[in-house]
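One chain, chain A, links the two complexes that follow: it is found with chain B in the first and with chain C in the second.
== the complex of A and B ==
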């Protein structure tokens, strides 16, 4: 058994940690790039959404390197993601690879029993002691959580840094290193080290950067290649950005939902605009947009892949929220032919708009209105 | 009270039920005219650009009706079977129209999650309450509407042509002659009879779905798959024509799954959107029919 898994933000790092902990051989996918996309698009149905093309690209490239067990998350919402595994399986079979799919799917129509059986096949292949297996699982979760927190910290602090580009450099460094580590322990060390380093980045508290919330389709916003590195671009402009959706959020939300935990405030905020689930993360997108102003954001950017059905529904609601709450929201739609130049122009124009609004507000109100700014980011990973 | 009924989306399948129900409740029913260019243009103007053609057309129908009635019957069709769905766009249909079209009359938008009796009667009470306060009258209207719907035969299976093509796809594509540019007539003129996928029994469909690794959670999409596979295996038609909506997430998956299952059985996908030109459409249909004819002759030589 040689395991592989797709690049879904930091999930790949967690999956790698898990494989190391279970002493299972694995193929680590390269971070998504134009080759992944080219391979994926070639074999995928033409009109399928971008995430599938990339995931398929990851799988095919990994299969060429000998991977035979594909890990993938599934979901049986009304959206296509739930059909990904079926399609990917057939495509790989057609290409002549004998592969096994382990779908992490907690919904009732596949059944918890089936899920346990699938986990069982993985667990059985691992030579380590059961106690070690549990430890590996815990470590994997800690890793993904730490990664997500590091990312968030870097995106936020970029607005305050004294030496321009420092946060971005640290982010790159840790991402490169953490993909090469050879044991879960080593991974943890790297992450903790970079957590400290990010905390130590000299920050100018008097800066009052623009704050932007990144919302939209989860895969597209957690995979930098898919969103044309939007967060890094914002870092470059000295803008602080925030994104609620992340792999660790997904896990927490999935476990918490049945107990009405999870992101309740977001769901509550979305209710007046979108009462029912529309699959994917359309409801989250609407709720976050509705909350953005109260969270101290200057604006929100919605990103989703062409043809993404839940986000199209969300998009048609956003203008109403923009009006109601008085917060600018921009939508960026990406696909494999999105041109970088036009994309950057739109982001810059949006940031100009946000700046303009700020200046106007400051002129209009008492100078101490600046106190309204967000709390400076807190320390500690 | 005048209740508007848009002639779009699931109207194609459930219009008998909806009309009977409303009339039995004592409402006057206003149905929008069959889809035409004006309705399409209205829809394209008010709907979000990224939506599929059937959604845009539905917007057009709603826009046509909005000044001609006191309320609109637009149920939020989340699903027709328990724990299954139709499509994400259907779940958000109410948000789409209410945010895209200004000055709408009240919408009777109670959600439908299943067509099972117990669940649907609840819907009937919610929706019917808008017109009629008396619960027993609602229950009566509901029963009549259900009976009328059960009597209704959807689809056709034409005999008497040398060749036959099965139409597969969303009902609002198959039965809306404007959307599909009257494909049935075009095929008939080429000497081809048409059957629609509804002619396959639910039981036969379900048997085919069993072969999938995972049962599709989109009810109708599952039917397209099951029916297509069954038709190809039993040779109920000489070829399958899948009428798909451009940028429809469901179709992008289902056409692929069907194709990978039926092998070299003749299968063609025609994508429809507001830019589909009739000339190109005709050419493709003719090419497909030529191919079928050649195949058929070849088969005769062999036997």
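== the complex of A and C ==
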């Protein structure tokens, strides 16, 4: 059994940590790049959304290197994501690879028995002691949590850094290193080290950078390649960005939801605009847009792959929120296009717009404008 | 006292525009050139033209915009390198201070810009499809063997426009061919196409947004009287075509350069018209140092590395920055 898993933001790093902890051989996918996309889109159905093309690319490239067990998350919601595992299975079979799929569906969707059977297939293959297995699972979660926090810290601090590009450099460095570590312990060490380094980045607290919230379809916002590195671009412009959706958010929200915990404020904020779930994270997108202004954001950028149904629904609601809350929202639709000129034009124009609106608000000398300024992020991971 | 000028450059996919503006923001000279896929050569050619008139004059600042703005900015030594949306908005506001909506249709993309109280309030750009842009009209004009300048005039002669699917350029073309084969005359087909494009533009970009006047229509396509009349018909409002509709981006870049330099008090970085004789080379390569495989662009002037972009980690661009500042001091 040689395991592989797709690049879904920091999930790949967690999955790698888990494999190491369980002493299972694995193939780590390369970060998504033009090769992944070329292979994926060659074998994928033409009309499927971008995430599938990338996931399929990861799987095929890994299968060529000998992987035979594919881990993938499933879904039984109304969006096409639920189709991914079946489609990937068929495509790989047609290509002549003998592979097993372990699909992580929710126990509420597939039944507790099936859920336990699937976990069992992974656990049974691992030679380590059951206590070690649990420890591996815990470590994997800690790793993804830490990664997400590091990312968030880097994206936020970029707006305050004294030496331009430092946060981006550290982010790039840690991402490269963490993919090459040999054990969960080493991974943790790298992450903690970079957490300290990011904290030590000299920051100018008097800066009042633009704050932008990144919302939209989860895969395309957590995988930098598919959104043409939007967060890194914002870092380059000295803009702080915030993104709620992340793998660790997903886990926390899944566990919290039945107990009415999780992101309740977001769901509540979305209710006046979108009462029902439309699949994917459409409701989250609407709720986040509605909350952005109160969170001190200057604007929000929605990103989704061409043809993403839940986000198309959300997109049609955003102009109303934009008027209601007085917050500019821009939508970027990503597909296989890697030419960035038009994309950069939109981002730059949007930032100009945000600056213009902010100046105008300040000119109106609203005494409360000062209250809208966000606090400098505190230290500590 | 000698007159001083500002240079604005807009390097777009289809046209490269240059504007010379005086201190009172009047346009003294404008050039509208076809980019023909060679932005650097076209820009050099434009500068050579301008050098004839303005070679001896003092140029106080330069601005670049358009999809080729980075390249153009590097070549001329621009003080401001701005996206087209902001440039168009600035230009429109200085022509018509109360402007509320700007329709802009260029060669490869189309935009709608909404302003409130003189600032950009919202904007939208066409998404993944280039239907309804200048290149598509160019292509249809060529197919029907009608000069593009006369294309819009045909639409006005139509008495009974046919319906053309405007959602996608490929479908629009087959629809046009089918209608033509069933015997509809060119005038009706062209009028139908103009309406389809205006409809598609408004459905696509202005969805859910209110279009208030004054409305300015700028960009090369504003020359097409057929499209203008289609917009007027659908919007049921008057549409203003500014005098320099085709070079508004370049005009905006010149204004932005003027504003920027007045605010900062800096001297211009404009290299002068002689820079067209510099040997300007652009090389691209795929960086193999990590899995990101960035496509990196190297720019050198007279064999001295000047700039570099396209890398995610900053390794190349940081190095080039050093080389650049080194050559400047040296």
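Methods note: the second predicted complex is superposed on the first by the 370 of 381 C-alpha atoms of A that agree within 3 Å, B and C clash if a C-alpha of one lies under 4 Å from a C-alpha of the other, contacts with A are read in each partner's own complex, and residues count from 1 in each chain.
As a working rule, contacts are C-beta pairs under 8 Å (C-beta built on N, C-alpha and C of every residue); 3 or more make two chains touch, one makes a residue touch a chain.
This is a predicted model, so every value here is computed, not measured.
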{"item": "Superposed partners chain B and chain C on chain A - clash or fit", "value": "fit"}
{"item": "Touching partner for A:94 - first (chain B), second (chain C), both, neither", "value": "first"}
{"item": "Touched partner set for A:295, first chain B, second chain C, both or neither", "value": "neither"}
{"item": "Which superposed partner A:48 touches (first chain B, second chain C, both, neither)", "value": "first"}
{"item": "A:333 touches, of chain B and chain C: first, second, both or neither?", "value": "both"}
{"item": "Touching partner for A:83 - first (chain B), second (chain C), both, neither", "value": "first"}
{"item": "Angular separation of chain B and chain C about chain A, which is computed from CA centres of the superposed model and rounded to the nearest 10 °", "value": "80"}
{"item": "Partner chain in contact with A:208 - chain B first, chain C second, else both or neither", "value": "neither"}
{"item": "Partner chain in contact with A:312 - chain B first, chain C second, else both or neither", "value": "first"}
{"item": "Touching partner for A:345 - first (chain B), second (chain C), both, neither", "value": "second"}
{"item": "Partner chain in contact with A:33 - chain B first, chain C second, else both or neither", "value": "second"}
{"item": "CA minimum distance (chain B, chain C), superposed complexes, angstrom", "value": "5"}
{"item": "Contact residues of chain A, present in both the chain B and the chain C interface", "value": "306, 316, 319-320, 333"}
{"item": "Contacting residues of chain A [partner chain C, same complex]", "value": "30-31, 33-35, 165, 168-169, 172, 176, 225, 229, 232, 306, 316, 319-320, 322, 328, 333, 335, 337, 341-342, 344-346, 348-350, 352-353, 356-357, 359-360"}
{"item": "Residues on chain B engaged by chain A in the complex (per definition of touch)", "value": "48, 50-51, 76, 78, 83, 85-89, 91-92, 95-96, 99-100, 111, 212-218, 246-253, 255-257, 260"}
{"item": "Interface residues, chain A side, partner chain B - complex", "value": "45-49, 74, 76-80, 82-83, 85-87, 89-90, 94, 101, 108-110, 273-274, 276-280, 282, 306-310, 312-313, 315-317, 319-320, 333"}
{"item": "Contacting residues of chain C [partner chain A, same complex]", "value": "67, 82-86, 109, 117, 119-123, 125, 127-128, 207-209, 290-293, 312-314, 318"}
